[in-house]
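Presented below are the structures under discussion, each in the form of C-alpha cells.
In what comes next, subunit A is part of two complexes: it sits with subunit B in the first one and with subunit C in the second one.
On to the complex of A and B.
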C-alpha cells in the first residue's frame, strides 16, 4: 500500500497550495501558506518538477509490480483504471464544482471502443486504439458538457444520471454489434518481445499477459496524472477553481463560464475514456452490467474519501475501493466464516468505514491531512512572530 | 448611457436615466436605498438587460453585452460586498483578475511547456504589483476568508485593477470601512482617476463629495439631479430625497435584482 501511494503523491502535493478544497479555506484562518516558494527540493519549473515525480513514481511502480505476485498485479490494474477515471472526476467535481453521475457511462464508451477495435484480425497499435477511445469519449463528454454547463447541483446530477442509466442500454439495443447482456469479450493484445526480455533481465519473473496489461494500466495512470497535474497547477486549473467559487466575479474577470465548464467536462471525459479502455484490457470483458450507476457512484465515493480536488486523494480512494472489500472478505474468512457470509459482511464493514471517514475527515483523507499540516504551519509561524 | 429604463415584472426599476462618464473622471452615482443605483450598475455590466435606452462605449453601441466580454472591452468592476474566490489564495484571486492578459493556452498548460510557466510568472508579477499598490502584498499567500473585511475589499479592488481597465466600476467600495480607511480609499480613487475613468456607487456622502468630478442622483428609479458636487449639494430635490419621506417600500424592487453574487450588502 505504501508503495502504491507514491505514484501521484508529489503531483498532488505540488498542487497542494493551489487546489486547497473549499473546506480548507475556512480552516486556514490562521494560515499563511505561501502560494509559491517555500522550502522545497523540487525544481521550480513545472515541467521538470512533474517529470521528476513521474520518473520516481514509475520506478516505484515497477518495483511494486515486480515484488508482488500476478494476482496482485491484476488488482493494480483495477486500481489503475479506477484511479484514471477518479482523477478526471476530481478535476471536474473538485476543481470546477460540477458533479457527474455519468462517468461510469463515459467509461463504457471508452471500453466498448477498445473492445471493438481489438476484435479484428490485425488490430491497430494499442496507442492508436486508446487515442480513439479517448477521442470518442471526449466527443460524448463535450456534448454532455454543453448541456451540463447550463445546469447546477441536483439538476446536473439528474442529467448525468440519465446518461448513466441510458447509455449502457445501447448495448442491449444494438445486440448484434455490442453483444447485448453478455457483452463483448476483449481479446488480449500481444506482448511485445522487448517487454518479455526486459522483465526477464530486470527481475527474472515471467512476463505473462496479465503483467503486460498491468504495466499498460500503470503507464496510462502515470501519464494521465502527469497531464492532469500539469493542468491543475496552471492557469487553467486556477480558472476552473475561480468558476467554481464565484461565478459572477469570474465572469467579470472575463471568463466565459460556459466555455470553461465544457472544457472541464471534456478533459474529465477524456480521462474516463482512457479508464474505460484500460478497464476493457484488465477485465477482458465489456458488459452493460459493469457500467451501471454503481460504477459512477464508486468513483464519486473514491474522490470524496480521498479528498476532492486532489489526485493523490483520487488514487488513495481508488485503492481503497479495490483493496478494502477484498481485505475485509479475507479477514472474514480467516474468522471461520464461509465465503458467502464473509462477502456479505465485508460490504457492511466497508459501508461503516466510509461513514466513519466522512464523519471524522469530512475534507477527505488527503484534505484532512493537508488541513492539519496547514494548521501546524500556521501555529509555528504564529509562534515565530510572537517569539 | 442614455435613456436607460429597466422593468422587473411590470415594476419600473429605472426610468429614463442617462449618464456619461468622461475619460479620466470620477463619476458618482448616488441616491437613497432602492433608488436603482445597483440596477444601473448591473445594466452597465450586462448583468441586467435594459428594456429601453442605449449604452455607448468608446463611440460604439453595446448590444446584448455579456459580462464576460467586459474585461476585453477594458471595463472592470468590483462587486458589492467583496466577491473574492474563497478557495483561491489572495495572489491567485488577483491573478484571475489578470485573465485577459494571459497568453499561454490549454495545450501548453497540459504538457507544462515552459511558456506556460513564464506566462504565469508574468501574471504573478502583475498581480503582485497590483497588490503592492493597494498595500496588500503581505497577504498574497493567505486565503480571503482569513482576512479582515477591509483587506478583502482592497484585494477585490486589486483584482479589478490588475486588468488595467479604462473604466472601473466601483460598487459601494466604502461599505464596512472605518473613517480612516475611507479616507485612504478616497485618496486612492483620486490617484486612479488619472489612469482610468471611475463610476462610483456609494452611500457615504462625504467620500462621494470629495472624490467625484460629476454626480448623478437617482431616486425611485428616476434621475433627480446631475452635475458637479456643488451643484448637486445645493439642489433642493436632492435634499428632499435624502431628508424627506422619499424612501418608500415599493422602490426596493431593484434590490431584489441586485446580483451581488451572494455576498452581503454593506
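On to the complex of A and C.
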C-alpha cells in the first residue's frame, strides 16, 4: 500500500496486519443479501431493492417528521446535512481508501454558493441552486482530487487538513463579496402552496418554513443515499474497491488508478456540496467559523463510528453527531459548567470513541455487527455440513 | 525596504518555531511511520498547564520546565497505550487514531481551562531593537526563541550522533528486526522517540505562545499544518530537511502575510504543500527512490 516503504517501515508485526483493512471493511461492504444469507424478503435485483428501501424510508421519514415537534424537525435537518456529507466521505474513505479532512471546506463551497444565489431579488428555483452548488463543489473536488490521487495515508490527510485550514481564509480575504467574519445570512426560500395544502390534509400540522426546509433536507438525503448505494453496488463501486485493496493487481487489470481516485473524489465532493447547500438552508448562516477543522473531523468521526464504507453506518454516526452533544450539554450543565465548556465535552467523547473504535473494532458499529453475524452463519453452515 | 527587512526577520523567527515543530513530526515519522496529528494539541495542553502555573504566581521558567516534563510523560504514555497497537498496521488506522487524540485533547483543554483567550506573557521584553530610528522585528524575546530552537537542534544532533541511546534509536528506526536481534530494546526506543518529540512539540508551543501573546485552546491548529508542510518540504525523513523546510516556509508565509494579507497564509501553505508533493514528493532533500510494494 505504501509508496514510500523503506526498511524502517516494515516492522515485524506489519506482515500479519497488512490485510486488516480488507477484512475490516469487507463486512461493511457486503451486500445486504449476502449478509443475511439470501433469506430476505427484499428483491434480489439491486435497483428494485434500493427503490423499495427508498420508498420505505421516505414513508418512515414523513411519519417521523409529522409526529414530532418543530424543534425536532430542525434537528432532523442537521442530521440530514451531516449524513449527506458523511455518505460522500464514506464512499471516498471506506470504498476507495482515501482519507479526506477537507470535506468541511468543500461543504463551505456549497454553502456559500447557495447563500449567494439565494441572496437576489428573484432567486432561481431551489433545484437549480442546489445543482449549481453541487457542480461548483465537484469542480473544486476534482481539482483537489487530481492532487490527492498521487497521495496516500498521512500525506493525503495532511494535504486535506491544509485545505480545511486554508480555504475558509478566502471568505475573509474577499470580505465584501463573501461577508468576512460575519458570514452571509441565508434568506429562506418560499414554501410552495402545494406543500402547505399537502401537510394540512396529511396531518393537520401547520407547514412552517422550518418544516419545509426539513422536508427538503430529508429529500436530499434520501436521493443522495439512493444514488450512492447504487453506485457502490455497481461496476464502478467494485472498481473503487479493487483500487483500494490491491493497487498493483488493479493496475494490471487495466484500471487507471489516478482516474478512478479523481472520480471518487469528485463524487464525494458533489455530496459535500449538496450537504453544504442543505446546511446553508438549515442553519441560515454561512460563516467561516462553521467550517473549521472540527467540522471535517466530526464527519470523519461519524463514518468511523458507523463503520467505514457503510451508508447506514454514516447515517447512524451523523445522528450521533447531532444528538450526543445535546445529551452531554445537559449533563455538563447539571455539573455547573458553562455552556461553551459543556459543549466541548462531546468532542472529548468523539475523540476517545475514534481511538477506541480503531483499537478494538476497526469495522465500526455496523461493520462489527455484520462481521459477527457473518461469522456466526459460517459456523452454523460448517456445523450443518459436518453433521 | 524596512518592511522587507522586518518580514524577513519575522519569517526566520516563525520559521524557527515551524522547524522545531516539524522536527518533532520527523522524529516520530522516522521511528514509527506515523504522522502525529495530535502533536499540536499535545503542545497546546502542556502550554496551558504552564500558563496556569504562571498565572498562579510561579516564574516562567518553572512553567517551562513543567511543560517540557508534562510533554515527556504525555508523549510516552500515548505511545505506550494507544499508538503501540496500531504501529505497523494499516496506515489509515494510525492516522485516525492520532486525529482522535487531536479532537479529544483539544476539547479537553477547553473543558479544563475554558474556551476563552488568555494572555501569555513572554519571558523577555518583546520591544524590538532599534537601528537608528527604525524598529527591527527583533527583540530579546525573539532572540530567546531562536536560541531555544538552536539549542534543541544541537542537542538532538548530539544525542543521535554521539550517544549509545541515540545510536540505538537510529538502529530501531532503520531496521526494527535487525536492531532487536542485536539486543536493542526497540519498544523502549519508540516510546523514547515519542516522548522526545512531545518535549520538542511542547517547547514549540511555549515559544509560539510567547510570540502571539494570546492563546486559545485552538492556537496550535495552524501550527500543525505549517509544521507538517515544513516537514514534507524537507522530506519527512530528514531532520536537516525539517529545519530548512521550516525556515523556508516561515519566510514564504511571512512575505505572504506582509504583502498579500493575513487571511491568505493558510492557503499559501496549501499551495506550497501541493506544489512540493506534485513536483518533488520525496521533499527537497530526498535521497532514496520511492518504490512500489
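We adopt the following convention: the second predicted complex is superposed on the first by the 320 of 387 C-alpha atoms of A that agree within 3 Å, B and C clash if a C-alpha of one lies under 4 Å from a C-alpha of the other, contacts with A are read in each partner's own complex, and residues count from 1 in each chain.
As a working rule, contacts are C-beta pairs under 8 Å (C-beta built on N, C-alpha and C of every residue); 3 or more make two chains touch, one makes a residue touch a chain.
Being a predicted model, the structure only gives us computed values, none of them experimental.
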item: First (subunit B), second (subunit C), both or neither touched by A:300; value: second
item: Partner with the higher number of touched subunit A residues, subunit C or subunit B; value: C
item: Which of subunit B and subunit C A:205 touches, first, second, both or neither; value: neither
item: Touching partner for A:235 - first (subunit B), second (subunit C), both, neither; value: first
item: Contacts of A:68 with subunit B and subunit C, given as first, second, both or neither; value: neither
item: Contacts of A:248 with subunit B and subunit C, given as first, second, both or neither; value: both
item: Which of subunit B and subunit C A:227 touches, first, second, both or neither; value: first
item: Subunit B versus subunit C as contact partner of A:185, first or second or both or neither; value: neither
item: Footprint overlap on subunit A, comparing subunit B with subunit C; value: 17-18, 20-21, 24, 247-248
item: In the complex with subunit A, residue positions of subunit B that touch it; value: 45, 47, 66-72, 76-77, 79, 83-89, 91-93, 95-97, 99-100, 102, 104, 106, 109-114, 116-117, 119-120, 123-124, 140-146, 159, 163, 259-262
item: Residue ranges of subunit A in contact with subunit C within the complex; value: 1-14, 17-18, 20-21, 24, 93, 97, 99, 101, 147, 150-155, 157-159, 161-163, 165-170, 172-173, 247-248, 293-294, 297, 300-301, 304, 337-338, 340-341, 344-348, 350-355, 358-359, 362
item: Residues of subunit A that touch subunit B when the two form their complex; value: 17-18, 20-22, 24-26, 28-36, 45-47, 50, 227, 230-231, 233-236, 238-239, 241-242, 244-257, 263
item: Complex interface listing, subunit C residues touching subunit A; value: 29-31, 33-35, 37, 82, 85-97, 99-108, 110-111, 114-115, 173-177, 180, 221-222, 224-225, 228-229, 232, 237, 261, 263-270, 273-274, 277-278, 281-282, 288, 290-293
